[in-house]
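Across the two complexes that follow, subunit A remains constant while its partner is subunit B and subsequently subunit C.
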Partner chain A sequence: MTDGEIRELCETFFDAYQDRRLDILDRVLADDCIIWHNVFGRDTTKADNLAGFADSYRGQRRRTYDDRIVDTFHDGFVIRYQLRGVQSSGHTGSLWICIVGRVRDGRITRIDEYMDSSKFYQWAGIEEGAT
Partner chain B sequence: MRKDWQTLELCDRFFDSIEQRDHEALESCYAPEAVIWHSHDCRYQPRAENLAMLKESATTQQKVRYRDRRIRVFEGGFVQQHRIEVTWANGFKGRMDVCFVAYVRNGRISRAYEYFDTGQVDRFLPPNDPAVATPPAS
Partner chain C sequence: MGTIDTEHRALCHALFDAIEREDLDGMRRCYAPDMTLWFNVTGEEVSGEDTVAAQVEGRALLRRRTYDDRIISTFDDGWVVQYTLTIVHHDGTRRSLWACAVAQVHDGLIVRLDEYLDASRFLPAGSAT
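Then we have the complex of A and B:
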């Protein structure tokens, strides 16, 4: 894939998350895609993530993936961005996240996500320990 | 134009120098204007402050190792994913997954962004350690 194609794939992926377009996510993620989160420290599958997508938006009115800075390499990309969330309560918060993605044949084959979970409650506007 | 291998070599030299406590080599990896951003405070730390912090860390850490290094070079820099393992002076062994994104100018690191999860700080720092805000890698 060219630099431009990788960049476009990366943007398509994040736009799909932002716009809640599960059909596009399904298209851009390879069927054997592995998604790893530093917060949990374990691999998850494409199916896990698509199935849990609706739950991940629970209590949120809107999410935007802002200030995206993308760098590409021969088989992937690294993106740094600010995840801005507007909760149903009106509370707004931001998380700063970095993702390293691997690509093959026009699809994403692996995602490694790095975020700081200690900022999560502040981001969501809820008391620490609340669910 | 710099080659990928030169950036890879810089990346290895940077992390190796921290492991080996080679402060001179470490300093030589940073450009004079280098700043280091950490995800726990979203602040750009100046070069001198970062180097002083790393030097101080070496006095409380018996051993530091960057395991499972996965490096990719891009135009103007590199990204390294690793797991830092620290053996603290009291024997506690800590670990943390880290992503380090660096931008390179004239063969030196001019800006770096380090992401890690302070929500897992109890796995990294010894119990009751006051240095909770100490970044794990740089």
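Then we have the complex of A and C:
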């Protein structure tokens, strides 16, 4: 894939997350895609993530992936961005996140996500320890 | 891609090897004079010399730190490295976390480093964040 194709794939993925377009997420994630997160340290599947998508938005009015800085390499990309969330309560918060993606044949085959979970409660505007 | 790719990889290893060995001059050799490091935990930028000073201060807290399982991907003007950071305190307590760092490189030196990690993994179990 070319630099342009990889960038477009990356932007399409984040736009789909932002716009809650499960059909596009299904298209851009390879069927055997693995999603790994530095907070939990375990692999999850594409099916896990699509099935849990609605729950991940619970209590949130809007989520945007802003200030994206994308760099590409021969088989993937690294993106740095701010995840801005507006909760149903109106609370807004922002998290800095970095994702390293691997790509093959026009689809994403692996996502490694890095963030600081100690900022999550502040981001969500909820009491520490609450769920 | 070969030469730049190789040079970027060598620079990345040189920096993390220098930090592991507490080789302060080795760290400085990797940095451009106006280098800045940004950290997702604080959201602040610090200078290269600030990172060197932090390394010295860290000796009071840590016996050893290692940057293991490095996965490096390079692009024209930099690299990203994913790694496992393991720290050993003076009492022998060991903790690990997964982190990544994105570097911008000019003329063979690091001009900016953005580091992302989960700070809560360095807290003792059950402690407040």
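Here is the rule we go by: the second predicted complex is superposed on the first by the 131 of 131 C-alpha atoms of A that agree within 3 Å, B and C clash if a C-alpha of one lies under 4 Å from a C-alpha of the other, contacts with A are read in each partner's own complex, and residues count from 1 in each chain.
Simple rule for what comes next: a residue touches a chain if its C-beta (ideal position, glycine included) is under 8 Å from a C-beta of that chain, and two chains touch if they have at least 3 such contacts.
Because the structure is predicted, anything quoted here is derived from the model rather than measured.
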Superposition on subunit A - do subunit B and subunit C clash or fit: clash
First, second, both or neither for A:Thr92, with subunit B first and subunit C second: neither
Partner chain in contact with A:Ser56 - subunit B first, subunit C second, else both or neither: neither
Subunit B versus subunit C as contact partner of A:Gly41, first or second or both or neither: both
Which superposed partner A:Glu128 touches (first subunit B, second subunit C, both, neither): second
Residues of subunit A at both interfaces, subunit B in one complex, subunit C in the other: 38-39, 41, 71-76, 78, 80, 96-98, 100, 112, 114-118
Complex contact set, residues of subunit C against subunit A: 1, 40-41, 43, 73-75, 78, 80, 82, 97-100, 102, 114, 116-120, 123, 128-129
Subunit B contact footprint on subunit A (complex, rising order): 38-39, 41, 71-76, 78, 80, 96-98, 100, 112, 114-118, 120
Touching residues (chain side subunit A, partner subunit C) in the complex: 38-39, 41, 71-76, 78, 80, 96-98, 100, 112, 114-118, 121, 128
Subunit A-touching residues of subunit B, taken from the complex the two chains share: 39-40, 42, 72-77, 79, 81, 97-99, 101, 113, 115-121
